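The two complexes that follow have chain A in common; it is paired with chain B in the first and with chain C in the second.
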Partner chain A sequence: MTLAPRILPHLGRALVLALLAFAIFGPLLNLVLWAFAEKWYFPSKLPLEYGLTFWQRVFAPRGNALASLGTSIWIAVLTVIVSLVVAIPAGYALGRLKLPWRGLILLAFLLPQAVPNLPVYVNIAQVFYRIGLAGTITGVVLVHASHGLVLAVWIASAAFASVDASLEEAARNMGASVWTCFRTVTLPLAAPGLMASAIFVFLESVDEFTGTYFVGVPDVTTLPLLMFNASMGGNYQIASITALLLLVPSIAFMLVVERFLKADVLAMVGR
Partner chain B sequence: MATLADDTVVEMRRSGDSRFVAFALLAPALLVVGLFFVVPLVLSAVGAFRSTEGAFTLAHFAKALDLYTRDLLFTIEIVVLSTLLIAAVAIAIAGYLTLGEHPRAVAILRWLYRWPLFIPFVVAGQIMRTFLAKNGMLNHVLIGSGLIAPISAQSMLDWRGIVVAFVWKQAPFVTLLLAGAMAALERQHIEAARNLGAPRWRVLVDIVLPQVRGTLLVGLVLSFVAMLSVLSVPLMINPNSPTMITVDVAYRINTFADYAVANALCLLSLLLAAFGAAFYLRHAVRKVEDA
Partner chain C sequence: MRVLSDVSLDVARGELVALLGSSGCGKTTLLRSIAGFVTPQSGRIRVAGRDISGLPPEKRGTAMMFQSYALWPHMSVAANIGYGLRMRGVARDAIAKRVDELLALMQMQGFASRSVAQLSGGQRQRVALARALAVDPALLLLDEPMSNLDYKVRIELRHELRALQKRIGITAVYVTHDREEALTLADRIAVLDAGRVVQYGSPEEIFHRPASAFVAGFMGADNAIELTRDGDGRLRSSRTNGGEPVVAHFRSDVARIDASSSASDADLQLHGQVVQTLYVGQGYRYRVHTDGADVWAHASHRIDEGAPVAVVVPRDALLLFPRASSAS
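This part shows the complex of A and B:
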């Protein structure tokens, strides 16, 4: 009786944490089980047989999972290149130079995040179809880049804004040209922030579904599309294995996100 | 060595040039967003109001409303309910992270809550498709723990499945933003209130939340808009009527190549997002003016 009031809060806390842990890891564990299940029928609670048959099928040399993985990574790399080539100058201008309507321009770059993307994908698919870009890697990269750009510009402008201006002035006073100063002083100091935006854009591109669904059809099959097709075809093992592949970059990034985003971006959101 | 006068001249020339340089640097990014985002958006608006002969018409909207009013309401219900649940979860977790007094529980919670943070919607859809099925793990655990009878196990792959997938995926995102904003608050007010004997939930509601309302709003609006345009989750969990507008748009295009009604549906969902965006823009513009 005397112990109860002291133990009860601990029990309650442990119970809530356990429920939350189940809510988060239960679905993930279920996915892992499916990925290794050879046979799993109703009403058995756990798979009847475990094995790697489906893994062999997914990773078979002629299997389309490896091809999709390759397509996904290739598209993501190109998307990062296109986004950064365009976002670095824009981020520099917004973060470093005197600019009228700076807030308004930053808001404009937020537009693609604050407007549902479906109408955009539907109509861009139609335009791309007419000019022969539908179903091509280029078409998909352009769609991914126009969306990834938004984050890239915001993060890049925060990264450039956080570079100490006196260091640039020192370099300029010692006779460095604008370009040399940017290349040897500003860019290296902003590099961690730019790296963060590159990772963000990469991840967004790898995970993107709706745009690829409309624009990539029928020739570009990225990993999310492969997973979706397998799932809709009722092949839960293949879908789960592909989903696990997609989880690798997501969870790796989740574990390190605060290292990249600690000060500059999180503090900026909502300002 | 530059003299003072030289410096001023250079400075004046620089500020004149710099505006031009700044816009030149911005141009490619604005061009990409303009070409691949704004133009298609305008095309959508045009397509929704144009008949096959090119005249102005409201027929596409009439047809869209005629066929899909039920789905529009269904979409609103799902997205609003999910947003409210996300807010509740995010406030509870971020609040405990800020005000919790048991260091180990706070550490565990901080590690725990964010696992779904960057998991894509399409994967969340697949995960919930198996987890919430009649033969899924949730039902087995509920039966095993004696909470429900085996006979009453049912599939949750309907509106509930969509809401669960949305909250599971988006709540960590809003929590991350909210916990970041709460951590940046001055602790003095919180400490003072606690010292005066205010319970933690009052400190959360009366002192902490009012100061982070902006961040909460941004997180919720971004989630609201994201959920409105997700195609994969409703397609995988609940593809049959009533379903979400995104599924109807895909159906109009894939089955009938009916871009006109699809665009009308898109504009209707834009209208829904506009309610959310209006909140957001009002807040953002105020902040820009403050800055």
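This part shows the complex of A and C:
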């Protein structure tokens, strides 16, 4: 009797935590089960047989999983390059120079995220079809970059803003021109933040589905598209295995980002 | 906003000039306009006869030591010091030799490959100075380089810096708000107030013959009392009629609280009550509430607060400045 008031709050907290854990890890667990299930019919709560047959099929030399993994990574790398080429000068200008309309420009990069995706992609697909970009890697990269830019530009401008201006002045004072100062002082000091933004753009691109679906199909097949096709065709094993493959870069890079993105850079985001 | 106006200073070769003033007086802006980070609306800046006013910072040949030291955290000590030489296209082994020389000069041998993040405040300061000296600048600019250091390290480095500057004979402009630092380091001091140079002269001149009440107050003569001066030079309370209205400044360490009335007739005597006591090591400093104003005075013994005392200021320790006579 006397224990109840002391235990009850703990019990409540444990229950909430358990529900949260189930909400996060439940679907993932299901994914893992499906990835290793050989047979799993309706009334049974768990797979009837476990095995690696489907893994063999996915990784077979003739299987298209590896090919689409390659496509996904190639597109992601190109998207990162395009985003950084824009984000480095834009981020420097927004983070370092006293620009008028600064807030508005930063907000403009948010627009692709703010409006509903589907109508935009339908339109883009139509335009790209007319100019011959539909079904090309270039087309998909452009769509991914439009999405990745908001992250890239915002983080890059924060990274540049967090570089102490007196460090640049010291370089100029020691005889460095504007460009040399940028190359030898500003850029290396902003590099961790730029690295983090590159990783975010990469992950965003690897995961992207909607835009790729409208612009890339049928010639460009990325991993998310393969997964979609597999699960639409009822092939849950293939879908689960590709889903697990997609998790690998996300988790690996998240650990890296956590090291690169320091609090002082984060504090400057959106400033 | 106008930060500086009517500033005209000449610095002789090999001389160390201190720009002294409180924060916001424009001393750092003056230094930054010499370095080229601030463009003056008008006027000329010349170094060794060469007009540098229109040049970008990298072409001015000045070397600045920053208040925050501004060492590049992604470079080693050697790379920091050698940066200016690399920019000037000096050969790699010549740079290494020069860096070693400077590290020896700074008594920091063996630190070349260290990261600047591993250095103490005093060591960072030395590296920053070595970086500035590496390029043999025509003019060395120092922006409050000691303000981030502990008192003890500061005093030590101050003496080192002065000895070093004398030895290599470099021309330097040193910004500080610390009068003691300016007095001990500089050949000449320019006192700045509200964007103007209010006095420019040797430390002795500034200290003993301040040109204005402001300079006197800034140099430590912060006791001020309004008096009138008679035709024969005698000082009297400002309440008396006639005579020339003056304000007398004096330092609190020359104002003695004396029980024995050994004061000569010429000395200033102020009567009042002790209202505050500070122990300062070599005695006590008292705030004395007198008829005209509160003044700070020194005594070697302890006096109770509220006690009536006489403050004696020697005549020759008084700095007199004219004042507008009050209408009362």
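By definition in this document, the second predicted complex is superposed on the first by the 252 of 271 C-alpha atoms of A that agree within 3 Å, B and C clash if a C-alpha of one lies under 4 Å from a C-alpha of the other, contacts with A are read in each partner's own complex, and residues count from 1 in each chain.
Throughout what follows, a contact is a pair of C-beta atoms (placed from the backbone, for glycine too) under 8 Å apart; a residue touches a chain by one contact, two chains touch by 3 or more.
Since the structure is predicted, the reported quantities are computational estimates derived from the model, not experimental observations.
S.K.: On the A-aligned overlay, A:V256 touches which partner chain: chain B = first, chain C = second, or both, or neither?
M.R.: Neither partner.
S.K.: Mind working out whether A:E169 is in touch with chain B, chain C, both or neither, as first, second, both or neither?
M.R.: Only chain C is touched by A:E169; chain B is not.
S.K.: With both complexes superposed on chain A, which partner does A:S231 reach: first (chain B), second (chain C), both or neither?
M.R.: Once the two structures are laid over each other on A, A:S231 reaches chain B alone.
S.K.: Comparing chain C with chain B, which touches more residues belonging to chain A?
M.R.: Between chain B and chain C, the winner on chain A residue contacts is B.
S.K.: Contacts for A:P188 in the overlay, against chain B (first) and chain C (second): which applies, first, second, both or neither?
M.R.: In the superposition, A:P188 touches chain C alone.
S.K.: Which partner does A:S240 contact after superposing on A: first (chain B), second (chain C), both, neither?
M.R.: first
S.K.: In their complex, what parts of chain C are in touch with chain A?
M.R.: Within the complex, chain C contacts chain A at residues 35-37, 56-58, 62-64, 66, 68, 70-74, 83-84, 87-88, 131, 135.
S.K.: What part of chain A is in contact with chain B in the complex they form?
M.R.: Where chain A meets chain B, its residues are 13, 17, 20-31, 33-34, 42-43, 45, 82, 85-87, 89-90, 92-94, 97-100, 103-105, 107-124, 126-127, 142-143, 145-147, 149-150, 153, 203, 207-210, 213-214, 224, 227-228, 231-232, 236, 239-240, 243, 246-247, 249-251, 253-254, 257, 266-267, 269-271.
S.K.: In their shared complex, at which residues does chain B touch chain A?
M.R.: Residue positions touching the partner: 15, 18-19, 21-23, 25-26, 28-30, 32-33, 35-41, 43-44, 47, 102, 105, 108-109, 112-123, 125-131, 134-138, 140-141, 144, 150, 168, 176-177, 180-181, 184, 214-215, 217-219, 221-222, 225, 228-232, 235-236, 246, 249-250, 253, 259, 262-263, 266-267, 269-270, 273, 277, 280-281, 283-285, 287-288, 291.
S.K.: Looking at the complex, which residues from chain A come into contact with chain C?
M.R.: 164, 166-167, 169-177, 180, 184-185, 188-189
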